[in-house]
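Take a look at the following structure, please.
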Amino acid sequence: MTIKTIRSAFPVLARAHFHYLDNAAMAQVPGQVINAVAAHDVAARANVHRGLHDLARRADAAYEAARESVAGFLSARPDEVVFTGGCTQALNLVAGGLAESLGPRDMVVVSVAEHHSNLLPWLMLAKRRGFQLASIPVTWDGRLDLSDLSMIDARCKVVAVTHVSNVTGAVSDIPRLAEAAHAVGAKLVVDGAQRTPHGPVDPRALGADFYAFAGHKTYGPTGVGVLWGRAEHLAHLPPAAWGGGMVAGLDGETVDFLDPPRRFEAGTPPVAQAVGLAAALDWMRGLDWDKVRLHEAGLTRQLLAGLAGLDGIELVGPNGLEDRLPVVSFTVKGCHPHDVAHLLGEHGVAVRGGAHCSQPLMKALGLHEGCLRVSMAPYNDDSDIHALLRGLAEAVRVLR
Amino acid sequence: MTIKTIRSAFPVLARAHFHYLDNAAMAQVPGQVINAVAAHDVAARANVHRGLHDLARRADAAYEAARESVAGFLSARPDEVVFTGGCTQALNLVAGGLAESLGPRDMVVVSVAEHHSNLLPWLMLAKRRGFQLASIPVTWDGRLDLSDLSMIDARCKVVAVTHVSNVTGAVSDIPRLAEAAHAVGAKLVVDGAQRTPHGPVDPRALGADFYAFAGHKTYGPTGVGVLWGRAEHLAHLPPAAWGGGMVAGLDGETVDFLDPPRRFEAGTPPVAQAVGLAAALDWMRGLDWDKVRLHEAGLTRQLLAGLAGLDGIELVGPNGLEDRLPVVSFTVKGCHPHDVAHLLGEHGVAVRGGAHCSQPLMKALGLHEGCLRVSMAPYNDDSDIHALLRGLAEAVRVLR
Amino acid sequence: MSHEVYQQAIKDLAGREAGRLVAPTASARLDNPLCGDRIDLDVTVADGTVTGLGQVTRGCLLCKASATVAVEQATGLEVARAVALVEDVRAMLRQGASPPLAGLAAFEAVRPYKSRHECVLLPFKALAKALGSGLP
Amino acid sequence: MSHEVYQQAIKDLAGREAGRLVAPTASARLDNPLCGDRIDLDVTVADGTVTGLGQVTRGCLLCKASATVAVEQATGLEVARAVALVEDVRAMLRQGASPPLAGLAAFEAVRPYKSRHECVLLPFKALAKALGSGLP
């Protein structure tokens, strides 16, 4: 399995002089995912659950097989896997469900490094239900500062943190947070959006109680995400969205919800997208992740070294490779991130500039104008890093 | 434009001896929709909003063009079109937003004919926020009984009804309901899931304030739906899901939401699915709907006549063609709907049997075992009706 | 039209409804609200053995037929054995295990139709419930 | 690398920040929190005419350059005219209308880059806001 083989699976990468380094926003998609979705829509398209004709049986089988594929990726049980419309929806689902039993004497602990999608649901529900919200601060290099976890006390019922920062690539110490949360009987919700693009993960072994991720960042289709939850917790979680396909009985005001996972899948689920996500995860599981991780780390090292050689670059986040994934953010002295990203784009290098839906982190790190983010995937190679560094030097020359 | 031309757009229909009459659960998809989604994922795949590279600009353009296409289909403004994960999610979004300002002195009026997706959100929010829920009853043939609308009184803040019944095909008198709702200052939420598969619609002209529909029932992808709302109402509707991409500013506890429609699109939206839906609606807008409606009515007439000629069939819903779309439900004396649907399925005829996520209607009509539903689309033809009637006669012979 | 699932044996079974018992030791009502199926099942037990069974079922042919097998062939079984039947029937349908009761052979044809498995299982769930084990 | 958007004219404009006025008739602060852009704009008005403008802008080059055009070329305009500029700039960017101020010609290159339109518009929105019209 060479990087060339990996690249060749992605039709979009065949474009010449095109360097996609915006993977943390949305990853590209292998041809087999595109084909799986198309094939499903031609040969197995029907609504799922209790269909009695041939297409419906195929759709049911494909959808439940997709659930098993996700379960395999997460080393979990299929009935612990809930398909949602995205990572944000998964986080809203678990926040909405858990918030049902929270009130003014309770607290939820998030971190300053959260993406808005793992902050706003808790913030808005806190206003609504009156519970407290506290934030784990970050260190100067954007890591969660776990030196004082005393805020995770008896009032704390939920700790909700990101597994990997979408800005800095820093990997959170989930086992340590799990220990702190479980010591006070709190549940640990982990936002895995930036972790799952870099290989299979075992949220149960990490100590998470709930784990969310997005299809489109994991080489799968848009329009699908996953909420995993321990069976014992899903069993008690009330649904936070309601509709067809999730009730067993409905008699007047009495509603009898189906067991998980269907209780959480109100309405027609994203069937073809779940099938596409399964194809993406199957593709991922075919990679040698020890090798891929080395490759990604190599690119990160190369990038960090290249940035160190440029004038006026200030890193945002860890400057080493330990406990970090291949997401690297930085500022360029005297240049607004949007101007730089724009010029890089003209140069065929796709990166992102801005606040990255992480305004509290930007504020904590004093980044009023946001920063530039380079985020890599297994299909990136030296040429992408070279193009970026070359483009960066030229952008600075143009802008200054 | 012949039915043959229409059929030929749908790859799945090329299968011999295959009669798809389960369109109300999920419609089939034209090849051009499959291609549009695949093409997007190869050539314009990136996250939307503020991307500064080429792919991101294409993604933005494609996504906003999709919004314009939906707006065209609904004779609406693009900023009145919110993309959601489905019709159920659209209904949860509007219910959640409107419920924010409802309390114990308020009332929401639904109907007995609602699909669970337009009932459960209101029912659950009523429990939570303490407002009252009242139901418009149905007549013996499953139509909304509008003879006494006195329940739509000063306490009533929202009327939420289906445009077309997913069981009976009956078309609700939306203008009359709009008049009643608006007379008391209530808002009218219309569930258009079963209406949009049968041609463009103008919710504003009908008097609706909000209108929801599903992509997968409208010849588009799964994983996408639409909430339309009058600009003047969307402007005041609080969001009911939160995440990235929907806030302008976030400062401590102060959240400044973006204007509609983005305020309601938390997280990465179903970009490729929106593009696919637009392709589906563009395909629809290319049809001559006067002709298609005649064709659909002809099939309905043929089906009703055929059923009348069979022994022990009892119609559920209107027995005529007036104010009804091509959805026909019935029971077969002495035969459980699931047994009949199963045997029809073996015969290559896809129909649905059961409660159709409409338990209150089943109860009101005394259908403990549910019913069989035949639902048609423009691509259906005589041969489908013949196969159904033949299959039905044989199923009855086998089962009795 | 394939009649495999709706073979005569199934229809015959479905046509034989035992009716309720007059003096049951225990009873259970079980619904499958998704399709409106409902079974009322009565059982008499003596010395740890099922000594009598009755049932009235509203539901599809498969459910009615399965209910008949349950009442006709679970009589005489030890309670623990009767309770375990639901798992055995599930294994028969899902994993291709052999039928735990002779009368269930007719239901092997249901295996490929996953959405019908519940219909066959419901009477055995009701039996387990009546025997006080709760649902699996 | 295409420099069209970042031509020398834009860079020159961005480099000329007028600074705040000492005794403005009105001021407005406007944020684009999505990218952290912030403009503080001061205006003096006499007899229905804009007589002076000042600004300090934190933001990208396009925003800073546009702010310079606004303060340098809106002076002398009638208030209503100055308020209307934001719509004219929008029309220039979106519909290809001609630049409402000579200095805006340099911004025609921004047309294809929709996500940058807001950067160019912000100073003109601030101008309209300062002139008391509220935002469009």
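Think of it as A, B, C and D in the order they're written, each chain with its own count starting at 1.
In this section, contacts are C-beta pairs under 8 Å (C-beta built on N, C-alpha and C of every residue); 3 or more make two chains touch, one makes a residue touch a chain.
Keep in mind the model is a prediction, meaning the values are calculated, not measured.
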Touching chain sets, computed without chain B: one piece
Chain D reached from chain C - shortest hop count over touching chains: 2
Centroid distance [mean C-alpha coordinates] between chain B and chain A, Å: 30
Whole-Å separation of chain centres (CA-atom averages), chain B against chain D: 45
Separation of mean Cα positions, chain C and chain B [Å, integer]: 38
Per-residue overlap in chain B, given as positions that touch at least 2 other chains: 50-52, 56-57, 247, 249-250, 338, 342, 353-354, 359
For chain D, residues that touch 2 or more chains besides their own: 33-35, 113, 116
Complete list of chain pairs which touch one another: A-B, A-C, A-D, B-C, B-D
In the complex with chain B, residue positions of chain A that touch it: 11-12, 18, 20, 22, 25-26, 28-29, 33-34, 37-38, 41-43, 45-47, 50-57, 84-89, 91-92, 115-117, 119-121, 123-124, 127, 214, 216, 221-224, 241-247, 249-251, 253, 255, 266-273, 338, 341-342, 344-345, 348-354, 357, 359-360, 363
Chain A contact footprint on chain D (complex, rising order): 1-3, 5-6, 11, 33-38, 58-62, 113, 116, 119
Of chain A, residues touching chain C in the complex: 49-52, 56-57, 60-61, 247-250, 256
Chain B-touching residues of chain D, taken from the complex the two chains share: 31-35, 112-116
Chain B residues within the chain C interface of the complex: 336-339, 342-343, 346-347, 353-355, 359, 362, 367-370, 391, 394-395, 398-399
